Amino acid sequence: MTIRAVVWGENVHEQTNEIVAEIYPDGMHETIAAALRQDGITATTATLQDPEHGLTNTRLAETDVLLWWGHAAHGDVSDEVVERVADHVNAGMGLILLHSAHFAKIFKRLMGTPCNLTWREAGERERIWVTSRNHPIAAGLPDQFALENEEMYGEPFGVPEPLETVFISWFQGGEVFRSGLTYKRGAGNVFYFRPGHETYPTYHDPNIQTVLCNAVRWAFNPAPRVKDVNDAPNVPVDQALEPIEERGPRLHKDGEEGYR
Amino acid sequence: MTIRAVVWGENVHEQTNEIVAEIYPDGMHETIAAALRQDGITATTATLQDPEHGLTNTRLAETDVLLWWGHAAHGDVSDEVVERVADHVNAGMGLILLHSAHFAKIFKRLMGTPCNLTWREAGERERIWVTSRNHPIAAGLPDQFALENEEMYGEPFGVPEPLETVFISWFQGGEVFRSGLTYKRGAGNVFYFRPGHETYPTYHDPNIQTVLCNAVRWAFNPAPRVKDVNDAPNVPVDQALEPIEERGPRLHKDGEEGYR
Amino acid sequence: MTIRAVVWGENVHEQTNEIVAEIYPDGMHETIAAALRQDGITATTATLQDPEHGLTNTRLAETDVLLWWGHAAHGDVSDEVVERVADHVNAGMGLILLHSAHFAKIFKRLMGTPCNLTWREAGERERIWVTSRNHPIAAGLPDQFALENEEMYGEPFGVPEPLETVFISWFQGGEVFRSGLTYKRGAGNVFYFRPGHETYPTYHDPNIQTVLCNAVRWAFNPAPRVKDVNDAPNVPVDQALEPIEERGPRLHKDGEEGYR
Amino acid sequence: MTIRAVVWGENVHEQTNEIVAEIYPDGMHETIAAALRQDGITATTATLQDPEHGLTNTRLAETDVLLWWGHAAHGDVSDEVVERVADHVNAGMGLILLHSAHFAKIFKRLMGTPCNLTWREAGERERIWVTSRNHPIAAGLPDQFALENEEMYGEPFGVPEPLETVFISWFQGGEVFRSGLTYKRGAGNVFYFRPGHETYPTYHDPNIQTVLCNAVRWAFNPAPRVKDVNDAPNVPVDQALEPIEERGPRLHKDGEEGYR
């Protein structure tokens, strides 16, 4: 069975900006999905404009890894869908956040921090360095590769310390940025990957496509999704692993649900 | 200047449950604050019932470390106050979550995970082991100390991997739990500490009081709070550290705010 | 191509202690290797008594994951072989340390810490809890499983903070222990797994065998081993990615090797 | 009581290279120690040429934080002194590694990895960015500061994933480097800080001096040093915290030392 990825695209600038439409005539999400398919991944797409943004509970239950690109319309994403995605990540779905998705509701929801940064749109050169040698997400890459035109994102990047820093970017204008960061939230693997400003052909770049394919394989958790992912079950005294006797005062009656 | 701590107490069971009222006649928050004061910390209290739960922006701006105990009324905490506290933590305020605050809105907001666990209220014995030797939060403690009666919390605990695991608990009924966990969110130090069920005299225990005082000192960040903690400033091309020339197409005009 | 594992066994108590010989007539290494083979892993064995302990450079170059069990004869392992194994780990070979290998030279070499603990040999009950839900090393396991007779290892465990804590053990006598810890050293994945005292049939336990098979798959890094793993190459000025001119005084001549 | 720092300097190029001697007429160690004293830290120095390199057991027992600069003569440092320093770090002494000390025996001993990197001596510009906002080691610094002339160190840097990445450097020639990394080894806080090539006046730079003073305060652990830091004590059955009865076969007799 192949890995089932869903590429979620905001799909706004592709419809409203001629430059973006020319670079990505079928949408950025479709370019990304095509790259994944080339690598043997079963990739479909979903967009902001779809009912429930294309992310119904049924769809997510059949999604191994979700990739997310958003920029101009973060605020239009429904809070209900964000909570749904968060639940699926915590239950084991992989999630890959792309570029301006640093400000996506779902990323801020999972990180708990501002996820802010400095930025400059000048088409400057970006050099992406591998910092975690032989990390599966960096498989097949040289120690460094360049993108001739990219938007600058600069430190400090307002995210929690990651599990691992996989990439760091150098920018022509003097900034650096932690461009590849891994996290785990519940049973779900989460990867943030910086490049991908919509006015440049970044997602057509072979090295970038290699990272995306690697990241999908890395984020994939083959275990069955965790059931009742927010439950906090009571363990009755008579089912304790070691025999104990109840002592002292209690708040709760047997079998009662805890407070939330 | 001493450290300024605010102990936030839900203050519900102290008012409604005779057992709790007897153990903590002035409220759990007041018992905790008194222990901090004994150690030279300037400690005041705030409760759910106060206007804005006692956590106005002005109050938080003058708070170095906030301690949070809640249980029965997590849902009654205003979302606006939760966001306000999160902003202050990200800007540098320390935060200490106590016991059932694992399900406090502010903890789930900062962790991004379910923060769930298993539990049993049987007054069983808990043994708390130090796993990070000589960690400042464990200063003055033996390698292990016991609480004769506590509620059990069991793994798996649905939180992100911490910066450091400081304590692990052993329970009589056969469970274990990561009872002391450190995190950093933005510029703010965050500590979760497990013990403290309200029907037992846990916060009167000298070892527990030692941990609380240590944790306040550890969480204190003397740096001025980060201003505009959610801002993502644009760096104009002509202010780049290294001289660059603008190239390629753009989405944004000079000085424009980015999307959020 | 299947994963190539080598199970290294000290093979001392199997030869000198009747109890151990009875439980593991072919040696602990052979019992472990057989369990891996059942799961489709290509597993061979090596022992202390083999020339170069069975770990020549050629053999290691063809080893994807090395499992290490030692106890009575840590001091008899040659320092040269330890350095060789360390180089292969840093270059990408997986390494799994079993039980009393907490004091193996190779583990202390890779951790940089004392790797010490408290212990008691009383055949007491151990309960192993999963703390990192759906971690690949815990695949197929319940949240908890027990070993009726094991040696106790207690905290504080003198190791660096791991990447992830996967298992924590509860012991009947009141102790806890971080029993499953992941690390990365260079390009190599490292896993420490606590159970496995030689006077008990631990490696015949199906849950333990599941962990070992999972751990081998987790530790396997399919990337080609890093070449010249200790090199620190000079980048000549005329090969800098961005054009720079040499400025200021120098210590080194062109093409010179750095100091070590 | 003030913090007692010892600045260890290799003191080779100051004696043999005119450029270095001119910049640091009293040795780099003395320049660093003077900066620490300005900040109220009690700083003394020790060098390679001193008996036992100036690092007797008595001296180390009275050292809160050790700073280490070495380059040309790593191989001349005695293995016995390295083990002694490692023991003190594991027992709670702070350690700060400076620049070319990435290849110091003590750093490789504590990291377990090659600690290698790429390098270029061209006097190029380095920009040091803060990545962990309001980290105590970055106190008083702007988000970025520059050194006009420095040696380049480039990624991948062969070290374990740190507890926190505090600084990342940008180099004029196109490289990046994780320049400020925190670790904990046993009870000891460890910090690696990149800048400081001996042919440039780096340690006279006010921002660099700020980092060094901050790092000493951060690394200082006021707890008494851990005694018998490599011990693995046996816990006799009759001293178990919870009553247990000995069961099953044993290897060890009561009170026996374990294997090492």
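Chains: A, B, C and D, in written order; residue numbering restarts at 1 for each.
Just so we're on the same page, contacts are C-beta pairs under 8 Å (C-beta built on N, C-alpha and C of every residue); 3 or more make two chains touch, one makes a residue touch a chain.
Just so you know, these numbers come straight off a predicted model, no measurement behind them.
Asker: What's the minimum number of touch steps needed to get from subunit A to subunit C?
Answerer: The fewest touching-chain steps linking subunit A to subunit C number 1.
Asker: So which chain is farthest from subunit B, going by the mean of the CA atoms in each chain?
Answerer: When every chain centre is compared against subunit B, the largest gap points to C.
Asker: Can you check which chain pair, C-D or B-C, has more C-beta pairs in contact?
Answerer: More contacting C-beta pairs are found at C-D.
Asker: Could you work out how far the Cα centre of subunit B sits from that of subunit D, in whole Å?
Answerer: Inter-chain centre distance comes to 31 Å.
Asker: Could you tell me the distance, in whole angstrom, between the mean C-alpha positions of subunit C and subunit D?
Answerer: Centre separation, subunit C to subunit D: 26 Å.
Asker: From the C-alpha centre of subunit B to that of subunit C, how far is it in Å?
Answerer: Distance between chain centres, rounded to whole Å: 36 Å.
Asker: Using the touch definition from the top, which residues of subunit A touch two or more other chains?
Answerer: Residues 127, 132-133, 144, 154, 158, 161, 163-164, 172, 174-175, 184, 186, 241-242 of subunit A each touch two or more of the other chains.
Asker: Looking at the complex, which residues from subunit C come into contact with subunit A?
Answerer: It is residues 92, 127, 132-134, 136, 139, 144, 146, 163-164, 172, 184, 186-187, 221-223, 226, 241-242 of subunit C that touch subunit A.
Asker: Give the list of subunit B residues in touch with subunit A in this complex.
Answerer: Touching subunit A from subunit B are residues 13, 17, 19, 71-75, 86, 90, 100, 103, 109-114, 116-124, 149, 152, 154, 158, 160-161, 163, 172-175, 183-186, 198-200, 229-237, 240-242, 244-252, 258-260.
Asker: Tell me, which parts of subunit B touch subunit C in their complex?
Answerer: 127, 129-133, 143-144, 154-158, 161, 163-165, 168-171, 174-176, 178
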